[in-house]
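Next, two complexes with chain A in common: one pairs it with chain B, the other with chain C.
Here is the complex of A and B:
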């Protein structure tokens, strides 16, 4: 059987996730790894929206906020198990994305960016201000997912770091698998067609507004699930999760690695998650360096790291 | 009535600043098609540089002029170093470049200046004027008057001078402007300098009232952007009116509804405009070239 590039990508990803822990000098790296995987999952959603469909969102952190707070609030107020709270958060995010996206996606250009920006900030504002429900800017505790205890009962004893590393890694592989499947499906082709030219896509019979809306809703679900996983992993969530800077981070991660490619998104998420960890030594310069990296990559490697590097390699091979 | 008047004054004061930020947005957007998220950093630089130049012993008017000139230079540098090399890049890349620039400028300001909140004395004393039971700060009059002066100045510049018309021509059709001998690179640089100077001027006007710190830029950029959207993207008159309206809307929200959610006003406006009249108040319907 010939391996498709899709399967190859997934196998390499899974292999890296399994192999990496053998090189971890301490347990702390499991935590960093899990952070990278969660970010990469959210960024995979951005790849579908921006890379496939060519639409910009500057408010996806709003959906992450909804996912995160669903896990904090639903178990306490409605007695939902945390796993179902993840589903609830995703459903609410999808519904909101549909409502916000429907009128906006009929417009062209950066309008979605602007509208989603407004939406994201409104979510952050509600989370900050509705203190009775969300406990405001200080954040709120999140119940335990309970899966680690369950695994323990089955005789699989993992440390907290190891469990979250494995679990988020698994979620990421599943997320990437769905995104890669979508890429070659009729819907994915329609998305890429309208990225090329909305007018051309429309003339060959693609319902442009509907397809864009699908991409927006799917990517919102990715962001929401990633937000839930962040909250569950930290057992705590603050309104910063829905902040504008978090939205910007997501888009930057996607574009840094190469917005059209899933592996690129994961690389971008890895770099931008590690950067602050490395830069804690010169925390003062963090913003300066982050800003500089964003500008330099966009100016000199417009397609992002992975596509640019791949092109270099192929160019040399010829 | 006096209550309403009070909200009206405070709305017009912040609205004047939003209007100036929105104008700055519009100038750069028209000249280059770039939505410049670093616009708010110009306002921050205007305020911060004035504070530090004044503290270093410069008289206030000179410190303000120095701040405006320095910020204009930052605007030119932004165009030359970050926007021009990326010409032809997709919209998402340009947006990320300007967001990167705004983070960079904020990081630099935090290193060069500090993280404290600063202010400098109002231009003509701190005694408020009483009007029909409401009070208005003299500095508010400076801010509102300053914004109108800039607007009229820009209008004269764009309609009465060769250079201004060259800018308009470039924003209408870059290639055609080049063909009739307009130096479009210079027009771009000029637009960034002008827009940065207007932002810095807004910073100078408002700092005695709202104070400033290294991180005020982002919020102002978003508000100014909302104002520009409300008026109709790319239309200077719309941007100015949109900024003022947004300020009023925010002040009325704070006064009559909830001060916690006054910040939300801007974003509710953005969403409402996009849902119901995507061209904004003054925008014209756009068509697409195939």
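Here is the complex of A and C:
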């Protein structure tokens, strides 16, 4: 059997994740790696929504917020194990995405961008203001996932950094596998077709509103799980996770790497997560730099880094 | 009962009556051509029949059922398929994937199975791929299967749209200038293909400017001018109709004046 590009992508990803720690100058980089993987997971959801289906969301951080706070609240208030809190958060995010998306996606045009923006702001507002429940802007503690202890009992002793690096890396590979499955499946073809031409998609029988909603719900689940993993890893979460800047960050990462490409999403997340670690000025000027990156990509690399590079390589090969 | 029945169909854009009071019908296996000068309302008529525009007045019946103003994706499920004068290709996909998209109604399934790449999902994809490859061969594009659709020539894209429309195994096929921009050889191939499809029992509604082609393959011709039907009948009769000649001469005279 010929190795498909899907398997090749996944193998290279897994190999990089396994090999990278050998080059880490310090244990701190396990944490940076885990941050990259979690961001890349959220951005993979954006690839499905924006890259495959051509729809824009400016409020996906809202779903990350729901995923994050589900892990903070459900174990304390309902005694749910943190792992099930991740599932609960994903289910709530999916349900909200459905409720928000359903009326909006019946309309033609870019209403989703505006509606999702409103949704994200609303979630951030609730997290900030419902102090009784969320403890407000200062944030709230999150219970331990418990998986590291379990592995220890089984004789696999990992440091906290190593565990989260490995666990989020695994989640990212699974997330990428699912997104790549979708790409070449009937549902994925329908999404990409409507991106190419909504009129033609309709005439081949694609229920455009319905499949757009599918993409929105799927990508919301990605953001939610990424939010949960962030909260669990930090054992703490603040309303910033649902903030507008976080939504913009996700879109910028996707656009930088190549919004139609899963490896691109990961590269984009990698670059924009590493940058503030290397350059401390980045934190100060984050908004400025994100805006600049977005503009430069739009001007010079419309398709984003990975697709542009692949095109160059293929062009030379011929 | 005709397969496709158009009853007093009309639409206006602002004050312009783009199509007004047009009626005719198409039977299974029949090729009906709609002709008329530029701006006569042919594409607008197609857009109303295929659900892209909601008609201002009149009715469209498919297999006897009133389908007026129904959304295109629902019409597709009822057996209506079309191509576009100004090409509506999925430029972001390969040639093969474009043709596979035509199998959407046959290949779609639970999205969860697609996300997890379950055997049922792979089976649906394989079915669509086999069907699509056979259709690409039929329109002479089998060797371009893995190319990006955006890189094909205009004539090839026209044929790709026909392959995609045929993938739906339609009962009614609307072709808006399928041979426009094609050379003589390609035109003749498309000509044969259309005749073959009609022979298999599909009702074909054709808009075409190539009069030789129209006269050669049509069973019935409907002539539009300024949105109104000015004549209809067998091709020979229509080509001798004074009103038709006047409409065409009128536009030629107007062209000459420019």
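We adopt the following convention: the second predicted complex is superposed on the first by the 308 of 318 C-alpha atoms of A that agree within 3 Å, B and C clash if a C-alpha of one lies under 4 Å from a C-alpha of the other, contacts with A are read in each partner's own complex, and residues count from 1 in each chain.
Quick note on the criterion: contacts are C-beta pairs under 8 Å (C-beta built on N, C-alpha and C of every residue); 3 or more make two chains touch, one makes a residue touch a chain.
Keep in mind it's a predicted model, so treat the numbers as computed, not measured.
Asker: Going by the contact rule set out at the top, does A:192 touch chain B (first), chain C (second), both, or neither?
Answerer: The second partner, chain C, only.
Asker: Applying the touch criterion given at the start, work out whether A:253 contacts chain B, chain C, both or neither, answering first, second, both or neither.
Answerer: Neither chain B nor chain C is touched by A:253.
Asker: Just to be sure I read the superposition right, which of the two partners does A:206 touch: chain B = first, chain C = second, or both, or neither?
Answerer: It touches chain C, and chain B stays clear.
Asker: A:113 in the overlay: touching chain B, chain C, both, or neither? Say first, second, both or neither.
Answerer: first
Asker: One more residue to check, A:92. First (chain B), second (chain C), both or neither?
Answerer: A:92 contacts neither chain B nor chain C.
Asker: Who contacts more of chain A, chain B or chain C?
Answerer: Between chain B and chain C, B touches the greater number of residues in chain A.
Asker: In the overlay, answer first, second, both or neither for which of chain B and chain C A:298 touches.
Answerer: first
Asker: In the superposed arrangement, does A:184 touch chain B (first), chain C (second), both or neither?
Answerer: second
Asker: Report for A:64: first if it touches chain B alone, second if chain C alone, otherwise both or neither.
Answerer: It touches nothing on chain B or chain C.
Asker: Across the two complexes, find the residues of chain A that touch chain B and also touch chain C.
Answerer: On chain A, the overlap between the chain B and chain C contacts is residues 199.
Asker: Name, in rising order, each residue of chain C that touches chain A in their complex.
Answerer: 50-52, 71-73, 75-77, 81-82, 84, 88-93, 97, 100-102, 104-105, 107-109, 111, 114-117, 121, 124-125, 128, 164-165, 167-168
Asker: Which part of chain A faces chain C closely enough to touch in the complex?
Answerer: Listed in rising order, the residues are 178, 181-182, 184-190, 192-193, 195-197, 199-208, 214, 218, 260.
Asker: Show which residues of chain A lie in contact with chain B when the two form their complex.
Answerer: So the residues of chain A touching chain B come out as 50, 54, 56, 58, 100, 103-104, 107-111, 113-115, 117-119, 121-122, 125, 129, 199, 244, 248, 251-252, 255, 259, 284-295, 298-299, 302.
Asker: In their shared complex, at which residues does chain B touch chain A?
Answerer: For this pair, the touching residues of chain B are 35, 82, 85-86, 89-97, 99-108, 110-111, 218, 222, 225-226, 229, 260-261, 263-264, 266-268, 270-271, 274-275, 278, 288, 290.
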